[in-house]
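You will see two complexes here that share subunit A, one where it goes with subunit B and one where it goes with subunit C.
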Partner chain A sequence: MMIEIGHLAVIMALVLSAVGIVTPMIGLKRQNGVWIQIGKQAVTANFVLLSIGMATMIYSYATQDYSVKYIAATSNSRLPMFYKVAGLWGGHEGSLLLWSWILSLYCMMAVWIHWKTQPVVMPYLIAMESLILHGFLLLILFLSNPFERIFPVPVDGRDLNPLLQDPAMVIHPPMLYLGYVGLSIPFCFAMAALFSGRLGEEWIKVTQRWTLLAWIALTTGVLMGGYWAYYELGWGGYWGWDPVENAAFMPWLVATAFLHSVMVQESRKMFKVWNLFLIILAFSLSLIGTFLVRSGVLSSVHSFATDPGRGLFILAFLAFMLLLSFGTLIFRSGKLKSQIELDSMISREAVFLFNNLFFLVAMVTVFIGTLYPLLTEALKFKKVSVGPPYYNAVFMPVALGLIFLMGIGPYIPWRKASRESLKKHFLIPLLFSGAGLVFFAILGVHDLYALAGLTVVCFVLASIVSDFSKISMFWAKQRRVNHLSGLYVAFRQNPRRFAGIITHVGVLIMIVGIIFSTIYQTEKVVILKPGEEVTLNSFKIRLIKLYETTGPNWVAQEGFFQVYLGNTLIAQLTPQKRLFTVSQTPTTETALHQYDMGHIFLTIPEVAPDGSWARVRALYNPLVLWVWYGGAVMVFGAFLNIFRPKRKEIYSEGIATLTPFSSKKMVQE
Partner chain B sequence: MIRVWHIVLLAGVLGLLGLFYKGLWGNPSYLPPVLVGTSAPDFSGANLYTGDRVSLDQFKGKVVVLNFWASWCQECKLEHSSLLSINKQYGQNPNFVLLGIDYQDKIDLAHEYLGQLGNNFQHISDPKGRISIDYGVYGVPETFVIDQKGVIRHKEIGPIIGESYINFTQNVLEPLLNGKSVPAS
Partner chain C sequence: MKFTKKTGVILSVGIIAICLGYLAFGNFGQNLVYFFTPSEVSAFTQDHFGKKVRVAGLVVKQSVKIVPETKNINFELTDGKVVIPVTFEGIPPDLFKEGQGAVVEGYWDSDKRLHSQMIMAKHSEDYMPPDMKKAGVALPKKDFYKTLKVD
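== the complex of A and B ==
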């Protein structure tokens, strides 16, 4: 009974999302605020209805109602409660429901927050968001219904994908959806700006924080995915250029480009069409990502069920959205000539231009690599997949360029930089990076990319530190306080700038982590019998014994290892070769020991059936934790940026705030 | 007024949608019946260590096992010791040869890889993936078995470990080396 209530709620949401598309348009046509009010209520109601849908699903998971087909496929009575609930996004149908619920949440928030301050674009915003929601609800109800019953009722469920049975993995998909779907708000504001003809800087200012929010969610989601790949899949690496990883990375790249280029429009009123293009592209890539993941056109480690019917529908919807948004952009672009041209190639505008260019090149690189197998197949070539060497070869120089720009962009004046100002700021960083180059070369860093990377990191770091110290000294003098308080004053004066710089510092930390953990990773794969040991760097790893062990829904062969540094025992590790009993899926459970900022990483990919030996894969990943610490600092900077003190939004009267009477009056006049 | 970027953008969007549409009717996990049962494409490449030219022609009349691998491939590492023991077991047989094809790799990294994991057979460098394209290699590791007449008899996708090792040696290699024919699979 419960599940039927949820089903009914989602059906009603489908109807109301259609109402949300139509009524604001009628309101615009008739210049009547009441119709738009109806749209607003529909948006709120949709959130409530979809929440009911979600709640009934979760309830049915918790009460183990295996008469629901989807639950029977993604849950099992022996699962811990935590994972029982997570089964909701363990498959296709539930993921889409979660997607829609998040969309309705965002949509309601945007409408409530901006109702008063953005009345002119509100009808368009409501209609656009409702349109996206409508598409997804159609897909859910007609092609992938999670509320469907099954008969005869199975005794027990088929279990959740074992790879998902991990705390990080439970949060990773919703995080990514929060990111993907979060980009829909700036997108809808952009579309509303295009439709309404209010193409000034307003939509940029309104959406900047929304984009940051989506960016934070995407960044966290991608990083969590990386961490999961690192220890759950037993790769020992955190990034594999898998199509589905790429699907999340592409909107991230474009959203990052957008967050930079909006600053140019705000301060210099340039890049107007470009910014619209970027945000449309970012959300389109979210949709394309959904298509790639959900239609099964590409093969990937994220193997999801495929069904051409669903694929065709998502494609039709994608086609509609892409043509509508890019088409409108083309139609309206005539209105959008920016009068100001670049004054000089040595200016902040130019740096932003290059920044955007690099981000786009990076995105296109990933895009081509991801779709290459599809392309070769369509052209009747032989099917070939693209390996990491392709990505590394193209991506590395671009990444280097981007980091370098991080050291210049914030410190170069707008319009045109004079020779003196350049010298004043960049002399010290240049000298410092030169010293860094020599230092790391002497230290024994021979890999060209690593050396270049570290040198550039030195340059950017010196740039940031020297700027911070100058500004804090200035304020310390001005206010007669110490330097630390001076720094605090500087923060208060321009929180947005410094929050951005903190994010940049996070990037630097991450880059160092990536360089060291990939280039200086050591690895040994050996067969060990109990009592034998392997030497890895200065560590000795000894296999003490192998034995069987069991969990709630799995059995495993576990190895007990001791790690010695010299003669001191520093860690005892127990990696497993696990077999999930219901689905008969084997997994490799990693054992990690943190040493300095790196990891000793141990897996046993193969164990003799009689337990007499194990194939042991041992890795040492120096500084690998910096990858995630850096990510955390990046996200922290973005949070500071979102919650910086708010300046007043522009108030402009539109029909959304008009009462029916005053709007009638307006028409009469 | 229509501008160049309007057309480029529109063409790009339409092209992409067309590509996706075509992609829907393909099966991503379907691999073309790569040459199993047909004669193996000839190739020649440089030996990974000496740089000497090695071609498939040289081994006519032998059972050739071609293993595509790369140092950046994680699953190859799992498989490597299986390859070593296959060569230990059959390498003495004059009718058998095991060849590694190092796919899209850097030579120094490949050397390091083999240095760490051990090596007892010949490898050919395929830095641009040319040989691999001829064989329709979809991802590494992949292993092909070519019979005495130069016909591909078997293709193994993924690492040869555990059960697939037993299958590979007992049901594919043994019968071939004993002159029996195996059903193409």
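== the complex of A and C ==
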């Protein structure tokens, strides 16, 4: 019964989303606010209806209603409650429902928050969001219905894929969707700006925080996916250029480019068409990502059911959205000529230009690498796959370039940098990075990219530190306080800039983590009998015994290992080879021990049936935790940016001209 | 032609774009790995030896043998027509099992044997625990090769 209520609610949402497209348009045509009000109510009602849909699904999962086909396919009575609920987004149908629910939530929030301040673009916004929602609800109800029943009712469910039975996997998909769908708000505002002809900087200012929110969710989602792959798949890495990872990475790259280039429009009123293009591209890539993962054209742990009908529908919907958005952009681009041209290649504008170029090149690389194999297959050519060397060839130099720009961008003036200002800001960082180069070379870093990467990181770090120290000294002197308070004053003066720098620091931490954990990873794969040991770097890893153990829905062979550093016992690890009993699926459970911000990583991918030996894979990943710590700092910086305190203009113009923030200074010139 | 700022911008952006493009696609061909069936691989001639390939097939039942000293794994792969021998040095993935599909990446050598260090095995997309088919939850069986689309 419950499930029918949910089904009915979603059907009503389909109808109301159509109402949400039509009524605001009628309201505009007739210049009648009542119609637009109806649209607003439809948006709210849609959220309520889809929430009912979600709630009945969750209820049916919890009460184990296996007469629902989708639940029977993704749940099982022996599953812990936590994963029973998460089964909702463990497959195709449920995750689309989640997608739509998040969209309706965002849409309602946007309409409520901006209703009073943005009355002119509201009808367009409501119509556009409703259009996207309508498309997805059509897909859900006609091609992948999670409410569908089966008969005869199975005794028990088929179980959730064991690889997805993991805490990170419970939060990872909703996070990604919050990111994907979050991009729809700036996208819809951009479209509203295009339709309404209000093409100033307004839509960018309104959507700045929304974009950051989506970016945070996307970043967290990608990072959590990486962490999940790291310990759950047991291969010791966190990024493998898997098409499904790429699907989330592409919108991230473009969203990041967009977050940078909007600053140029805000400050210099340039890049107008470009910004519209970027946000349309970012959201289109979100849709493409959904298409790639959910249509079943890619097979991986993420995509389950294949059904060409769904793929075709999403593709048609995607084509429609692309035509509509890019078409409108081309149609309107004549109105968008910016009067200001780039003054010099040595300026902040130019840095942003190259930043965008690098991000776009990265995106195109991933795009081609991901879709080329699909294309050759569709055209009945030979089946191919594109490997990591292809991606790495581009990503290493692009990443170096981007990090380098991070050291320049915030410190180079707008318009044109003079020789003196360059020297003043970059002499110390350059010297420092030179010293860093020598230091790491002596330390024994011989990999060319690693050495270059670390040198550039030194440059950026020195750039940031020298700038911060200058500002804090300046304000400390001005206000006769200590340097820390000086830094705080500076933060209050320009919180957005500070938040940005914190995100950059996060990137630096992550880069160092990536360099060390990939280049200096050590690996040993050996066969051990109980009592034998293997030496890995300075660690001795001894297998004490192998035995059987059980969990709620699995049995496992577990190895008991002791890790020694010299003669001291530093850890006891118990990796497992599990067998999930319902599905008869084996998995390899990793055991990790944190050592010096790195990990000793242990798996037993193969155990002799009689328990006499185990194949042991031991890895040492130095500084690998920095990858996620860095990610956390990045996200923290972005949060700070969203909830930044209001900028305080405490000082008179006269003093402001003296501020060491180069941007302010140059505007004065 | 007068060298203006605009041409300068276009030139520098263009040069960098071309450099990056070359990095990506200069070696594009070498970074591609082709998929073959066991029949195609067994028909390879001299000039294909030692090139990296991916072979998709079914692991022949009762063919998986662990070589005692090295703990390498020998097994056979078939597409229903031809059976090829594989020597695998490495860690078999969790889902590697007799009677199931696998994609094996490796080199076909003059000894008419596939030497591999990487196997990708997946359960089919139907994700069907064996005893559940009886329970009536079974989905229609999909084309076998479709389930082998890995990566």
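Keep this in mind: the second predicted complex is superposed on the first by the 636 of 669 C-alpha atoms of A that agree within 3 Å, B and C clash if a C-alpha of one lies under 4 Å from a C-alpha of the other, contacts with A are read in each partner's own complex, and residues count from 1 in each chain.
The definition used in the following text is that a contact is a pair of C-beta atoms (placed from the backbone, for glycine too) under 8 Å apart; a residue touches a chain by one contact, two chains touch by 3 or more.
Worth saying up front: this structure is predicted, and the values here are computed from it rather than measured.
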item: Superposition on subunit A - do subunit B and subunit C clash or fit; value: clash
item: Subunit A residues touched by each partner, larger count belonging to subunit B or subunit C; value: C
item: Partner chain(s) touched by A:L484 [first = subunit B, second = subunit C, both, neither]; value: neither
item: Partner chain in contact with A:L312 - subunit B first, subunit C second, else both or neither; value: first
item: Which superposed partner A:D343 touches (first subunit B, second subunit C, both, neither); value: second
item: First (subunit B), second (subunit C), both or neither touched by A:G334; value: first
item: Partner chain(s) touched by A:D156 [first = subunit B, second = subunit C, both, neither]; value: second
item: First, second, both or neither for A:K524, with subunit B first and subunit C second; value: first
item: Touched partner set for A:P389, first subunit B, second subunit C, both or neither; value: both
item: Subunit B versus subunit C as contact partner of A:A435, first or second or both or neither; value: neither
item: Contacts of A:T587 with subunit B and subunit C, given as first, second, both or neither; value: second
item: Residues of subunit A contacting subunit B in one complex and subunit C in the other; value: 296, 298-299, 306, 373, 382-385, 387, 389-390, 525, 527, 605-606, 615, 617
item: Residues on subunit A engaged by subunit B in the complex (per definition of touch); value: 235-237, 277, 288, 291, 295-299, 306, 308, 311-312, 315, 318-319, 322-323, 326-327, 329-330, 333-334, 371, 373-375, 377-378, 382-385, 387-390, 523-525, 527, 605-606, 615, 617
item: Subunit B to subunit A touching residues, read off their complex; value: 1, 3, 6, 9-10, 13, 16-17, 19-26, 28-29, 31-32, 34, 70, 72-74, 77-78, 80-81, 103-106, 116-117, 129, 132-133, 136-140, 161-162
item: Complex interface listing, subunit C residues touching subunit A; value: 5-6, 8-9, 12-13, 16-17, 20-21, 23-24, 26-28, 30-35, 54, 71, 90-95, 122-123, 125-130, 132, 135-137, 139, 142, 146-147, 149-151
item: Subunit C-touching residues of subunit A, taken from the complex the two chains share; value: 72-73, 150, 152, 154-159, 161, 242-243, 296, 298-300, 303-306, 341-345, 350, 353-354, 357-358, 361, 365, 368, 373, 382-387, 389-390, 393-394, 397-398, 525, 527, 582-588, 605-606, 615, 617
